[in-house]
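Heads up, there are several structures right after this.
Okay, so subunit A shows up in both of these, paired with subunit B first and subunit C after.
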Partner chain A sequence: MARKQTVRGRVSKPGPALQHGKYLFIVAFLLLPVGIYGLFVVSPYVQAIFISMTDWTGLTASQKWVGFDNYVKLFADEQFLVALKNNAILLVVVPAVTVLLGLFFASMLNVGRRGKSGVEGVRGSSVYKIVYFFPQVLSVAIVGVLFKYVFAPTEAGGILNGFLRAIGLDSIALPWLGDPNFAFWCVVLVMIWSFVGFYVVLFSAAMQSIPKDIYEAALLDGANRFTTFRHVTLPLVWDTVQVGWVYLAIQAMDAFAFVHIMLGISGGPSRAGDVLGVALYRSAFNDYRFGYASALGVVLLVLTLIVAVLFLRVARRERVELS
Partner chain B sequence: MTNFSADWSRRNFLRGALATGALVLPGSGFLAGCATSGGGQEQTEGEKTADNPLGVPTDQPLEIYIFNGGFGDKYATGIHEPMYSKKYPDAKINHKAEVDIAGALQSRFVGGNPPDFVNDSGDGQIPLGQLVSDDQLYDLTDLFEAPSWDDPNKKVKDTLVPGAIQQGTFGDKPYVLHMALTVFGLWYNKTLFDEHGWTPPKTWADMTELSKDIKAANIAPWAYQGIHARYMTWPLLTMAAKLGGPDVLKAIDNLEKGAWQHEAIKESANALAGLRSAGYYLSGTEGMDHIQSQNAWSEGKAAFIPCGSWLESEQKDVTPEGFEFAFTPEPLLSGDSAMPFETIYAAPGEPYIVPKQAKNPRGGLEYMRIMLSNEGAKGFTKETSSLTVVDGSADGVELPAGLTSAKKALDAAGDDVVSWMYQTWYAKMWNPGINAHIGDLLAARKSVDEFTAACEAEAQKVRDDDSITKYTR
Partner chain C sequence: MTTTVERPVDTDPAPRRRTGAGAGTGALNLLNGGFLLFWGLLTVLPLLWAVVSSFKTNTEFLSDPWGLPAVARFENFARAWTVANIGQYFVNSVIVVAISVPLTMLFGAMAAYVLSRYTFPGNRAIYFLFVGGMIFPVFLALVPLFFVVRNLGTIPVIGEFLGLNSLISLALVYVAFSMPFTVFFLTAFFRTQPTSIAEAAIVDGCSHFGLFFRVMLPMAKPGLISIGLFNVLGHWNQYVLPVVLMNEPDKKVLAQGLASLAISQGYRGDWTALFAGLVIALLPVLIVYILFQKQVQAGLTAGVLK
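This part shows the complex of A and B:
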């Protein structure tokens, strides 16, 4: 701060003419954008916080102020705790597995083979790159419906169970989405499947910008593939991994569409697969308790902010300068 | 005079920006953009005459919202609306067919400018109990007390089957007209049963016997709607009522302590859970949804499935040739039962409402009177393949096989028709609450005692929540 001021201090002082009406000038420029921001971004947040302290049902023009009642009810609601636990699982498992898989595939596609000209991607990597991106092209709704049929019971034409039976594993051909022990993990699996392609492409782009001579030097020094990955590739794409990590954490906090489509609005068998997004939707549009749903939304907002900050902090690491 | 560069810090900039935002916020745009602000609209009413007993303003438009789902909207555009136009040629009818009722109308209820007549149904149904406790519905007493369309000496309420008005009554006033009469029970393919020489059983002992034979023929005796296991609460409660009498159901509706732990409920739950332990449910049915399980049943993979009488039209596209829909009441659990085998669960369904803040509520009431006329009800049955609450309206109408079979069962039941209200009064208690517990019971994740205790706990939650309006019957 102090340094900046000395730098700024060198700028010649503006004359009285410029000082005159300075604020009016600035305000005139800011009025419109800040106004729009206030109306469409800030005001909905403020309204949500206000609604969360009322008993509004979503169907009336009036509502009663109830203070923190909704929040007290929320933390006494066992279904909220189920959803919270599942969101915690999503938060840990989905980013971790997706980033690991994404790094693995990306490094295989870009620096996986040691050919005549140093390192290059494994055979057919240009095809894989496109194939990995397929899930990203499909909308979440389609992915959800598709996998609902993959995991369906055998009698309803389930593809996975059909496959399991074909190879003689009849005993583990279970009604996956109808079993509280597996239903939620099926969703986790599908989320990872649909996310990983994007991160393969993201990490690939980062890896392509690494100069090949660094790899050649590592090769000459006799570094094996894992060491190369650990000490050359990873540090040089760390910035990208960090971005992906935070983005994934926020994506995983949502999971609404996947759970809603694959497990339904109640949160699946024994209601064990519930997540906060679905619980919020259910409270608002099924139960018509908009006050309660807004309280849930405010909690979800706070959690997402905390997660974003934490992930940014944890992932912070010394940057390696390339030039 | 302060220095531009010295005082122009980031903090000041933000402070200034916030102040600007704060100035903008209380403006008119903010208030209009509030999700919770509302207004109101003028209501019109005409003069009451013998020809116009409800006092319809004859020249005012009528705005109608029909849920465009299983029933479509042809019954409205083809039958009821022309009848209204014929009587009130100066009134313009504004017809809207809508798949998502809540999506289209929630903000209009809040804004105080709802339409005049709404078919509040489907996935986007706005819960009726909630609309009533928010004082959003028009009292239908005048409609039911008015002379009927066909016979001025008979009131509308006297043309309906028993229980029709009760189903839409909250507290002491009717707020909802239920038009369709849905019959609930077990469905089977008569062709398949005739082929094997099976007959639907009248007692649970016979059901177990028959299930053994069905299983031996490589068909699953029963299927149910899996993740929507709440469909099985219908046979559960109907069989319990047959065993213990209709008071079992009344106790449940009135949220009495121990209602779900009544011996009859336990007995009934025990029978349905017994099908699981005997391996009589279609394999994997607990992991299917209603479409998957019903389609498996249509394909002949299962013999019985519980459902309401909409099943036949719901399955129309996947019903194979030669398949004959047939209906049977649930078997008796014991020879020593309070009600006969013929007892069935039949409930008025498909709700129609007139919003309290509508512009033309009297026109909405008149439209309902038209629906409940002989011509209106017959047309409804023809278009939708559904029975109606208008007494005798389906007589002489050609019905599909399944509905004919259900109507026969309904006629045979006579006065032994049971129904309950907690599903409508406390929608959340039924789904997702009890839906999850009966799913656990039928997948052997909960014992009968754990199941009834869990249902008790759901009732307790409703009792303890003073934000829910309670009703008794």
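This part shows the complex of A and C:
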């Protein structure tokens, strides 16, 4: 038994017969995975940092070293600041709303019903869990195309405006994706729409592992739903919420497909819905400013790293252990 | 994973009445049900609208967005498949995923196995090199990746099969970008496998290779299924990599082809063919999901929980 313990995680010392040929085996098994990863992932990342310090346009073989020029230009570029602001909005709004809705629906599905037999999930909760998860399995591209048409003007078949007109709200049947004030927020809504289901399922799994007698005790003490949620459910799923939050923040930083499809390569009307991913793609493959685009990529990386570290630090709380 | 929430019907409800279950309980339960139903409809209605629209004529689509089509126009699907090139995109996606997923699983399992079961200098470094890739945004790599893939196309002999607009190189790029998470997940999985069986196999004269292919890989089946489903969906739905690497019209993959169709179709006005294409793209995924929903949910959420 004691041996098992030490073996876990660490590697057991193979016998002398196995020592023979061990290194050959290790090299044989690592060669292709590391090779392909190095070629297509590691080397581009390293090159990107180098390219970001050049003025490369892709047309010339030689590239001039310009140091931090691209970064200086970047922060003087108003369009970059628009994209940066939008990414900041995504970073705050999308995780906040998604986690709140996810927790709300998950707590209803799993512990939302108070009846004769104590606290339980609502009827049909397993069906809801299947349905809510639909957007998660669909390609972001499909979701983007679908909602491009949901928000389209009525004469292009837009169903939202069709619905608003049908119930007599003609005045708010706006050209959603064509309006600089709303275009980006439509994208935000669609992102939330497509993310919520996943977090409902994730939080549900965590809530299912809470013993039911804790709820019985809370009920006996006369705790209402909100108190029960605040003091029983939330602390016990906090670990999952925290991890989900970081994951969402990273997911929200990449709004490329949504914006590219729903608003186009320029980021929508007046470029108001621009995000960093789209700005990078545009600078590189439309304007051929590869150095500038790579500098944008480095900024995106730094932001992602900061977000990951920050969220993990801030969100960390005492872990509640169920014995 | 999910346990049943239903409880056996209580034969004698009186003693189980709780203080918390007062007068407002019924109303609140109803309200909760209402919210849940609302979100359910919000999820399903856009998808249903797409399916219904795909059977309409373009006139019906514009004049009566909510109604059912007078006749189910299956020819929309034929038009989408051939005229709008969805058929070609579909085949391309199938080819890419058929290459990329098995390779990802094989390479991922090989690397994870060695990293989790063997001590050698540099083990940790290689592990962190892989796992570190999880946090790096793919966008940073896009520009150099484009040139790396383009340059591969100039290599004599093998260059013919690689380079930009090659389904094989797209598949290899998918493999590379799936390594971090696959290795991370499978390393954790291999570590939980008992060592006693491996030791027994070695005593029986099994080689390192035999041990991996005949003992460890079959034992890792549940983990391989979870991560396999994760990768199938991820590769099938990938958007940004093909947008950068595949720009010839016949080489596009489904998600990308559909998006570019949505942009061009706005001018041509054949909406129902576009929606038929949308349905062709979403139905297979939804069907796979509904058939394997437990495994898919477990596979995808495990990604966050591990």
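Here, the second predicted complex is superposed on the first by the 278 of 323 C-alpha atoms of A that agree within 3 Å, B and C clash if a C-alpha of one lies under 4 Å from a C-alpha of the other, contacts with A are read in each partner's own complex, and residues count from 1 in each chain.
The rule we apply is simple: a contact is a pair of C-beta atoms (placed from the backbone, for glycine too) under 8 Å apart; a residue touches a chain by one contact, two chains touch by 3 or more.
None of the values given here were measured: they were computed from a predicted structure.
*Asks:* I want to verify the contact counts: of subunit B and subunit C, which reaches more residues of subunit A?
*Replies:* C
*Asks:* A:306 contacts which: subunit B (first), subunit C (second), both, neither?
*Replies:* Neither partner.
*Asks:* Given the touch rule stated above, what does A:130 touch, subunit B (first), subunit C (second), both, or neither?
*Replies:* Once the two structures are laid over each other on A, A:130 reaches subunit C alone.
*Asks:* So in the superposed three-chain picture, is A:285 touching just subunit B, just subunit C, both, or none of them (first/second/both/neither)?
*Replies:* Both subunit B and subunit C are touched by A:285.
*Asks:* So, A:60: does it touch subunit B (first), subunit C (second), both, or neither?
*Replies:* First partner only.
*Asks:* Determine, under the contact definition given at the top, whether A:30 touches first (subunit B), second (subunit C), both, or neither.
*Replies:* both
*Asks:* So, A:264: does it touch subunit B (first), subunit C (second), both, or neither?
*Replies:* In the superposed model, A:264 contacts both subunit B and subunit C.
*Asks:* Report for A:156: first if it touches subunit B alone, second if subunit C alone, otherwise both or neither.
*Replies:* both
*Asks:* Report for A:47: first if it touches subunit B alone, second if subunit C alone, otherwise both or neither.
*Replies:* A:47: touches subunit B and subunit C.
*Asks:* Which partner chains sit in contact with A:39 here, subunit B, subunit C, both or neither? Use first/second/both/neither.
*Replies:* In the superposed model, A:39 contacts both subunit B and subunit C.
*Asks:* Could you list which residues of subunit A make contact with subunit B in one structure and with subunit C in the other?
*Replies:* Of subunit A, residues 8-9, 11, 14, 18, 22-23, 26, 30, 34, 37, 39, 42-43, 47, 51, 58, 155-158, 264, 285 contact subunit B in one complex and subunit C in the other.
*Asks:* Report the residues of subunit C in contact with subunit A in the complex, numbered from low to high.
*Replies:* On the subunit C side, the touching residues are 1-3, 5-7, 10, 13, 16-21, 25, 28-29, 32-33, 35-36, 39-40, 42-44, 46-47, 49-50, 53, 61-62, 65-66, 107-108, 110-111, 113-114, 116-120, 126, 129-130, 133, 135-149, 172-173, 175-177, 179-180, 183, 191-192, 194-196, 199, 202, 207-209, 212, 233, 236-240, 243-244, 254-256, 258-259, 262-263, 266, 271, 274-275, 278, 281-282, 285-286, 288-290, 293, 296-297, 300-301, 304-305.
*Asks:* For subunit A, which residues count as touching subunit B in their complex?
*Replies:* 5, 8-9, 11, 13-14, 16, 18-19, 22-23, 26-27, 30-31, 34-35, 37-39, 42-43, 46-47, 51, 54-63, 151-158, 161, 174-180, 263-271, 282, 285-289
*Asks:* So in the complex, which bits of subunit B are touching subunit A?
*Replies:* Its residues touching subunit A are 1, 3-6, 16-17, 20-22, 24-25, 29-30, 33-39, 102, 106, 109-112, 126-127, 130-131, 133-136, 220, 226-228, 282-289, 292-293, 295-296, 301, 428, 431-432, 435-436, 439-440, 443, 445, 467.
*Asks:* Within the complex, which stretch of subunit A touches subunit C?
*Replies:* Its residues touching subunit C are 4, 7-12, 14-15, 17-18, 21-23, 25-26, 29-30, 32-34, 36-37, 39-45, 47-48, 51, 58, 101, 104-105, 108-110, 112-118, 120-123, 125-126, 128-142, 144-150, 155-159, 162-163, 166, 193, 196-198, 201-202, 204-205, 208, 218-220, 222-225, 240, 243-244, 247, 250, 253-254, 256-257, 260-261, 264, 276-277, 280-281, 284-285, 290, 293-294, 296-298, 300-301, 304-305, 308.
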